């Protein structure tokens, strides 16, 4: 009796709200509904508009161009994409994820943009049994997180490996006598920047480097000239910036103005963005940055061309194809299972082998162990120069002025 | 207790009872999400109005308090039990409010608005600096035993508490003092009222509640990172909801929170998918929401300066023969 | 002279930019005394009241209440010590009821009552100033004279030792004036000291024990009403002004 | 020697920054000081100017300063309309200054949000950054960006013109009179509504021009990033003394120098904290501002 009462109340409440909000759009029966929540506005919108959203658009248009995803019974189901803007606000993000799961009743959800949002969304993906194949998420807490959330996957790498590669490259250049022992480090005082910095200091010290400058600046700092002046005054041989999109550009501006003459110049996120090259042209030759790709791979070349053609924008040289690859994983898992059974799809992702633009992927404890860590601008392209077991690493070149 | 108050109490108890019952329904996650949002903003907007209603000061500090509350929990959840942290968070919000209040509340309202406008950003930068240079932690994952249902009940309890506190203030010397200050500050001080002090006390109370909400919410959002907790938009939302509802009645903000939250929901649902017009994508929900926020501000200034409550009261007065003032 | 003094004003001046509104005034107010503060318009009387009540701070000089220096303290502090005032232009609290207006004095002033006690006390004071009938009336329905009475009741509600009445009798008709003067008399009989700023000569003569005459901020005469009103300097100040 | 060079660096960088702040602050000083409108949409107008310059540079390959030709009259017109049709009614209905302040804060806040939404729609959520005169210039053994130095000169030019206009023309005198006392100004046959509208529009135009100048060296012009500039402008105007153009200029330089000093010698993380510290000092010790008169 009570349960019937509550059932009635629930139905009428939900009905009233659905009616009031004009929800409950009746989608075509033959589609697979896929949801995506990420920033279209707010501080992270810039990164998402370059790395995240275009790939979803590209993937959906390609899959639907093929006629849709192939099901067990041989039929094809097109993708109906439902997107929400979280405004770079975690409260809004969670709300939108719940809305996708409960109101839109989507079959799958694309993992969010950024490490923090992936963590925030993880309990909700887990609750509704959605696999969460993250692409733009790097952290050293992968083992704890994957243990806690069995449907959570990582593909872009971890902090220590990222930092390790940078130190390794610098150590090698030093040992070859190409640069000296003095390194200047700056970081943006925001989650990723702080984590990278924290991980890097002991590794630099262990490798015998002399850290001559180590300061942070707040996210959104407009004038980085005092920072770069301090860096220059410390007279470093190598410069490392654990930076984010706007300040990656701001630092380069000031490096040019102050004439920071180092033979190794590294900045983190956004160095791989085409907009970085567009702004500075040839002067960024030799700049090292997070990411990099094997641009000689034919699969990747096709992807890059398609990306440009379909979205009208160039893909970035780091996480863009990884985002796309995670969608390929989802696609291949759904087709292999032949249905939208989320449990089966998740299980398949854990054990299956996938052919992606990033090469052949097979998850090991929910993690793709091979990934690019450092890239370098060489002849107007951002090649991978260091990785954990990716094919096609290019040799590192010395930076010669701006 | 007057008859009106009796009815008010019954309504309040019934309302809270019904809301508390919500998590027991099966499959009501969406409703829960909506209810959580409404509850959260009810606490924030009502506590905001406790201060801003009688003083007419526009505080944009909510995001700062909210962030401080979240920060306290994120920093301490591994060492201290959550209830203790909740208290500490509220305390931290109160202390911050006291400092800000003592520096600015002696002066005209403009100084206060300006000071609070950048406060969240200031504290975000300071917390980030500490995270980067002292504790060397980027983002913190706040995994607690706080389940979704409990988080909702905690917010609901805070809402009940904020109404209780508001009701008690109305009946206290402090509430009486605030009404006098709102009428004439010179008379207030010549009657022996410490007007700056009274304002600071109210601001501290509103800071306490906003920080407590932040403390609860961080256990829901799990990932703590100053950039996503010291969000100025929270302050703006709270101001608009409270003013839309009306700040001169305790239950006024509630009448702003509910329609505004639902309106945002409608926009979310209706305008989320990019629309194409002449081959260009136009009006995404994000921009539309910001525009709506702006339109609401202007609507309040030009058409409903006393909020929905004011409208309702005017209407009631017009309908009631004799036209006596209705004091609730 | 100072032993019996309740309030002592010592060499107080107030400057507004270049303007000297009050110029080195000294006087004392004794227990149980009605002191008249008179002088032409703009002579600095209201400024003097503002300095005593704490609305303004003196540029120079000290004001003591008993042994306590009050001239550096804020108005709320002075109010709580037991100095209450009315305003030249009535200041009531429009969104509060008549009763609540009076309660404001009782709740926060010298007396600090609360709840039923404060309400009863305020109601009694309203009776006392002849406004018992107005308890339930909206404030805006009151005449100006009645508003003045409510304001006096509010000042009295604090149970002050010193009462500052800034032209409280101005604008009353003959009957009202008579009642008003009687009321002030009874207040004095209760043991309060009162400073009245007045223009109504009848009131000054029948009420004041002593008068201080101000002109252009300075004190030009002091003494009994009869004495000061016969003082040539005072006559000149008044007539000079009225001819100007 | 190093100390001297650093000192020179702080002085020049601080001045370059101060010159930029002075443009935003001048705009607000005109709007708040003369027209009595506490305009919280100031920063958004500023960003709008910057984005128009961005558009001129990226899609027409012109110098950003070319955009001044239509940004200034455009902003003037828009702000005049805003004052005439949205703010004038508020001025007219306000019973006292406090009410006008609350009303104008809320109304302009609303306008700011609408502007943010519109700018986002028009320009999208991308990274707005272009390169203009990105070259070092050596002054007294320190390197500075040429675009900043040029920007500073343009700012100084605009400020100079405004200063002359304010102190040497009839309209300027009328504005100063209105700033001191609108009621008295009305008595001496000054058309207060007209002068207020003119000041508000001029303030908006100056602010948008400031946006154009800063776009030449800003890394990212986020449509929703205006609030930081609003805040800085407000601090400068309060510090300088409301309605005082000279005060606004002096305060801009104090803020610019303090920020650079802190960023160079202490830590870049405390720039905003330094601005707040100045603000608190002013609030505690000189709420009427450096050049302002104490209000009775």
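Note that the chains are named A, B, C and D in the order they appear, and that numbering of residues resets to 1 at the start of each chain.
Convention: a residue touches a chain if its C-beta (ideal position, glycine included) is under 8 Å from a C-beta of that chain, and two chains touch if they have at least 3 such contacts.
Quantities reported herein were computed from a predicted structural model and do not represent experimental measurements.
Averaging the CA coordinates per chain and comparing them to the mean over all protein CA atoms picks out B as nearest. One simple way to say how far apart two chains are is to compare their mean CA positions; for chain B and chain D this gives 31 Å. Our note on geometry: chain C versus chain D, Cα centroid distance of 49 Å, whole angstroms.
Between the CA-based centres of chain A and chain C the separation comes to 75 Å, rounded to the whole angstrom.
The distance from the centre of chain A to the centre of chain B, each centre being the mean of the chain's C-alpha atoms, comes to 34 Å. The set of chain B residues that touch two or more partner chains comprises 125, 128-129, 132-133, 284, 286-287, 289-290. The residues of chain A that reach two or more other chains are 40-43, 189, 216, 218, listed in rising order. The set of chain C residues touching two or more other chains is empty.
Under the contact rule stated at the top, the pairs of chains that touch are A-B, A-D, B-C, B-D. Chain D meets chain A in the complex at residues 2, 9, 13, 17, 120, 124-127, 129-131, 134-136, 142-145, 217-220, 222, 224-225, 228, 260, 263-264, 267-269, 271-272. Note for the complex: chain B touches chain A at residues 24-31, 33-34, 37, 40, 124-125, 128-129, 131-133, 136-139, 141, 143, 217, 220-223, 225-229, 231, 233, 262, 265-266, 268-270, 272-274, 284-287, 289-290. Chain D contributes residues 38, 40, 86, 89-90, 98, 101-103, 105-107, 109-118, 120-121, 224, 227-228, 230-231, 234-235, 238, 267, 269-273, 275-276, 279-280, 283-284, 287 to its touches with chain B in the complex.
Every residue of chain A that touches chain D in the complex is listed here, in rising order: 39-43, 45-46, 49-50, 189, 215-218, 220-227, 229-230, 233, 245-247, 249-250, 253-254, 256-259, 273, 275, 279-280.
Within the complex formed with chain D, the residues of chain B that make contact are 56, 58, 103-104, 107-111, 113-115, 117-118, 121-122, 125-126, 128-129, 132-133, 232, 236, 243, 282-284, 286-291, 293-298, 300-302.
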